[in-house]
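Shared between the two complexes below is chain A, which pairs with chain B and chain C, respectively.
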Partner chain A sequence: MQNNHHKEHLYKILVIGDLGVGKTSIIKRYVHHNFSPNYRATIGVDFALKVLNWDQETVRLQLWDIAGQERFGNMTRVYYREAMGAFIVFDVTRPASFEAVTKWKEDLDSKLTLANGKHVATVLLANKCDQGRDVLTNNGIKMEQFCQENGFVGWYETSAKENINIDEAANCLVKHIIASEKDMLQSEVPDTITPQLEKDKGGTCSSCFRAQ
Partner chain B sequence: MSGTYTPAPGGPFSALTPSMWPQDILAKYHQKDSSEQPELQYDEFGFRMDTEDGVEPRSWLGSEGSPQREDPQQRLRWQAHLEFTHNHTVGDLTWELIDPVLPRSERLRSLVLGGIPHSMRPQLWMRLSGALQKKRTSEISYREIIKNSSNDDSSTAKQIEKDLLRTMPTNACFSSLTSVGVPRLRRVLRGLAWLYPDIGYCQGTGMVVSCLLLFLEEEDVLWMMCALIEDLLPPSYFSSTLLGVQTDQRVLRQLIVQYLPALDRLLQEHDIELSLITLHWFLTSFASVVDIRLLLRIWDLLFYQGSLVLFQVTLGMLKIKEEELVSSENSASIFNTLSDLPSQLRDGPAVLGEAMRLAGTLSQETLEAHRHKHLAYILNEQAQLNNGNNTTLNTNLNKVVRRQSLRRKSTLSSLLFGEDEAEALKSKNIKQTELVAALREAIARTAEHFHCLDPRHSST
Partner chain C sequence: MREWKACEVIVKQREKEMQSAIFAKLSSGSSIDSHVLRLVHRDSTLSNEVFMSVDEPDPGSQETPSGEDSTPTMTTLVPPAALPPEERPLVEFDSPDSGLPSSRNYSVTSAHSQILSSIDDGQSTEEEGGGGEEGRTPGVLGGRQDSLTEDRLCSQLDKLVTNGASAEGISPSLSSYTIELLDTVALNLHRIDKDVQRCDRNYYYFTTANLEKLRNIMCSYVWEHLEMGYVQGMCDLLAPLMVILDDECLAYSCFTQLMKRMSQNFPNGGAMDTHFANMRSLIQILDSELFELMQQNGDYTHFYFCYRWFLLDFKRELLYEDVFAVWEVIWVAPRISSQHFVLFLAFQCSYR
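Right after this comes the complex of A and B.
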């Protein structure tokens, strides 16, 4: 495969995790390079766009900032649709938010799979690492093990406030998304018609296959 | 409590209820010599006028929609109406003498549509919404509610605490833990969570409560919220299932087919899920979505007519921007235009005018019929999705149906069968709904049975 012309990629990325772990702050830091201690609580879902240059190609990341309160979980099926990757965030100063990580991962995996049947690439973010008390994340080996057992492609200690590791985590996620996209293209049966290529968007709705 | 410093007429904080005037900031305004610029500027509602967070500066001096500029004609019309309906002569009438519920009439509706004079809003909102009636007839007092809900340790209290400074961070009354509005917001949210166990704390209600707190005393805010939850909005709007507000998103989508066919085609063509954007609008009744001056006009009407207004206003706002939307280049720009749409509309009369021109004839009955249908669809979809692990929804449904709530009406049965009938046919409806729940459970069990028999799942 050759890239002799400029290619563009658009990836939808979910940012999920418990209420108040810093999802919005991470996105604002990543996209707008600033930080405020009090962003408004996200209701439902919010959106942001980040454009990256990646090996002479343009990568557009559509970041979906999803409300952390449990009741909005009723809508996550709609929110997750067509996502290619995810960050699951917890707050290192609140163990309960870490315990919720597996719940979020299960919710994600049960509602979203890629065309090849695999789960989307997910990176775990241990946020607010500037506030210390990260007894949990001190044990790197344990965290690695946790990631392997729960299907995370990696984990990072982050701080939206101090701008620690956010670009690194995003690069890691993008790397895995691109890899899984290549994997999907290769595993594709040649004579299958991919609806995505036919039209601008769509193709995931089951009723499309029955269209007249 | 209303201390020594008073806002300048039309100046910062002047539109707030006096007990919310932030004395520390007002003191600084007073001490300042005229040559010195204060470090932060606030508008008459207490919002910061900087450009941080991409918030556009709000100008208060001589701005068009300033509530300080009460139209004397409109004020006179209101006074005349109140005097006429209370048989009093000019000058005699005080708020104590005005009934807690105003008789509904075309005249009253047209006055509300024309806007309530800002200085009369606290008293009239309480009367239009039914909140004053609730306050006067409630068996439990605000004091008792607060006492009962003062437990710090519950997970609800913790969630509320996390959100206190994330509700209206750009307003001086809610920007720090020592701000005047914050303890009030905490008490009202905890009180509501205690009063409605099936709702608990729902993110989004904080936005409504904080906006109300700018203009009303905290006890009145609680009763206004009771009126919204029990009467003005459909059941299960804020409950843990969010069924009511989800249903309304489907209803909105159907109304767009009818009222805005060009927009409907556009949304279909670009596969845009409108509820991603509008859920927020409905859940907060536009608080935190539109400029506060427009919000006040929408709420005047909302408190009189209820949730119908949310649909009319949404349709009106979409209509105003329909051309721009239809001429958009791609999905992304449509999506952005939709997201930014409410914050770009400032002109109350224009928005309400368009809303009524387009959807003024939409009736509550039509709305309820749509709601029943779409709620049934949603429940059906959830049942199908939950075939694999059917326990969640059934327990949810049972919880909603069999719950013994302190406050009435926010039950699923009233959502299914309509509010008025629900009062009259409550026991019957609960029985019916329980039958439906039992039937669903039976179907789910049958489905599970066949699921287990399916050779594809025979790992056990």
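Right after this comes the complex of A and C.
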């Protein structure tokens, strides 16, 4: 805080979605700039760190790569804790994975809220867009509308394999996280006068209160 | 194995119907039906009157040259003498997946489909009241056609299950579960496929052929344990056994034994929470300084970071050659020291 010219931010970001939709691949592409068809299924959770320069500030993204089958476990509650943003990923070639998106979102929102009571910024990723767009074209889903209705701040067609839109999606998420963080800082201002309000209510000064 | 394979055929058919109206053209769709039909017919000669009427149009559909060879592969038996009786499902391990009708579902002429649709009609009169499942396929196929297909598939599955089950003395009244069962199988097959495809692909052993074996074993196991289903991590437990035994039947038996202990670690069992609690107590008592450090830095004393260690007996944390050594020690530990030997290892791992 002392050095406003070079602030550092650390954000915990969740990457969730059904198994095999490409969560790990997206993270590897984003962080290590490569793609392999030989990734293994994630067990529990994996981590990756991405450092960004953002308006002359340093943003560190701690990416939590959560195993696709974990929605059924009760460990997600702990995994979600203190996250600031999330990607929910589905596979455009597999409609069932899109159906699961709302379930993941519900799971996330029910277990995690920001200090100001709002849900964390979440970006929807339609991954494997290099392999076809079955879900997007066949179902006639209006993605903008879907995002609005389900509380996503945005959506991107991505391909970890072809490196499409992953940086863009991450920038979008970071932008919203920073905005919501500012929002929270502002909403903390009324909090600081809360003791005064209580004092008025009780009709005692703080020293009396302490004496009691 | 025959049971889950038949189930798989049906599931694949259903997936096709549900997923893409474009692909679900009448010909490709019903070719599977016909194969399944014939297959089921063969399988269910013991107690099956429902499919008798199919016999008449059936010869007409035999112009598909590959049509018949699928049936023999399904019934080919490996001599079961060497296997203990409880390994019965193993006896058909040698039937390759490629012999399944599902791999040929696009090779049918439209004339064929004409014949088949007449089968469908004949079928419908007898089974109209059966499944009562409404059409699930969007688009191209007519709703009526779909419901018939679904009906017929269900009753076929029912027959299969009933035949399989009756041998083991289970009540044959499974008809009301078939849709749920299909859904469960479909879900599990998808999970298995996803994980088999990416099981230790960097290790030389896992060629396409060996992955196919891995899949067979996993499907057999999950079919026998559908109530638990496939959970991520199971492939990891099976993989080293495959590598060291290099034999489908042995690996299946060994995996089944291993899972008697390890399944407790999966979400349905309670062992994982016990492991966490034990770790917590151990660290708290033996290294309170470390424990306090954990608490201060965001409270990691739930010990979830040990999850993968316990779930896979450290398989992911080690190289293959070390996995064998460590697993052997873990397996003999209950006999020579303690059932909680893994805790000792975990403690070593977490030790600074």
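One rule holds in what follows: the second predicted complex is superposed on the first by the 172 of 212 C-alpha atoms of A that agree within 3 Å, B and C clash if a C-alpha of one lies under 4 Å from a C-alpha of the other, contacts with A are read in each partner's own complex, and residues count from 1 in each chain.
Keep this in mind: a residue touches a chain if its C-beta (ideal position, glycine included) is under 8 Å from a C-beta of that chain, and two chains touch if they have at least 3 such contacts.
Since the structure is predicted, the reported quantities are computational estimates derived from the model, not experimental observations.
With both structures placed on the common chain, the touch criterion links A:Leu19 to chain B and to chain C. In the superposition on chain A, contact of A:Pro95 is made with chain C only, not with chain B. Applying the stated contact rule after C-alpha superposition, one finds that A:Phe146 touches neither chain B nor chain C.
When both complexes are overlaid on chain A, the residue A:Met75 reaches chain B and chain C alike.
In the superposition on chain A, A:Phe35 contacts neither chain B nor chain C. Of the residues of chain A, those at positions 19-20, 37-45, 67, 69, 72, 75, 78-79 touch chain B in one of the two structures and chain C in the other.
Taken in their complex, chain A has these residues touching chain C: 19-20, 37-45, 67-69, 72-73, 75, 78-79, 82, 95-96, 134, 138. Residues 19-20, 36-45, 47, 49, 67, 69-72, 74-75, 77-79, 81, 200-202 of chain A are the ones touching chain B in the complex. Residues of chain B that touch chain A in their complex: 52-53, 159, 162-163, 165-169, 175, 202-204, 206-207, 239-242, 246, 270-271, 273, 275-276, 279-280, 283-284, 288, 331-332, 335, 339, 385. Chain contact summary for the complex, chain C toward chain A: residues 18-21, 190-191, 194-195, 198-202, 231-233, 235-236, 267, 298, 302, 304, 307-308, 311-312, 316.
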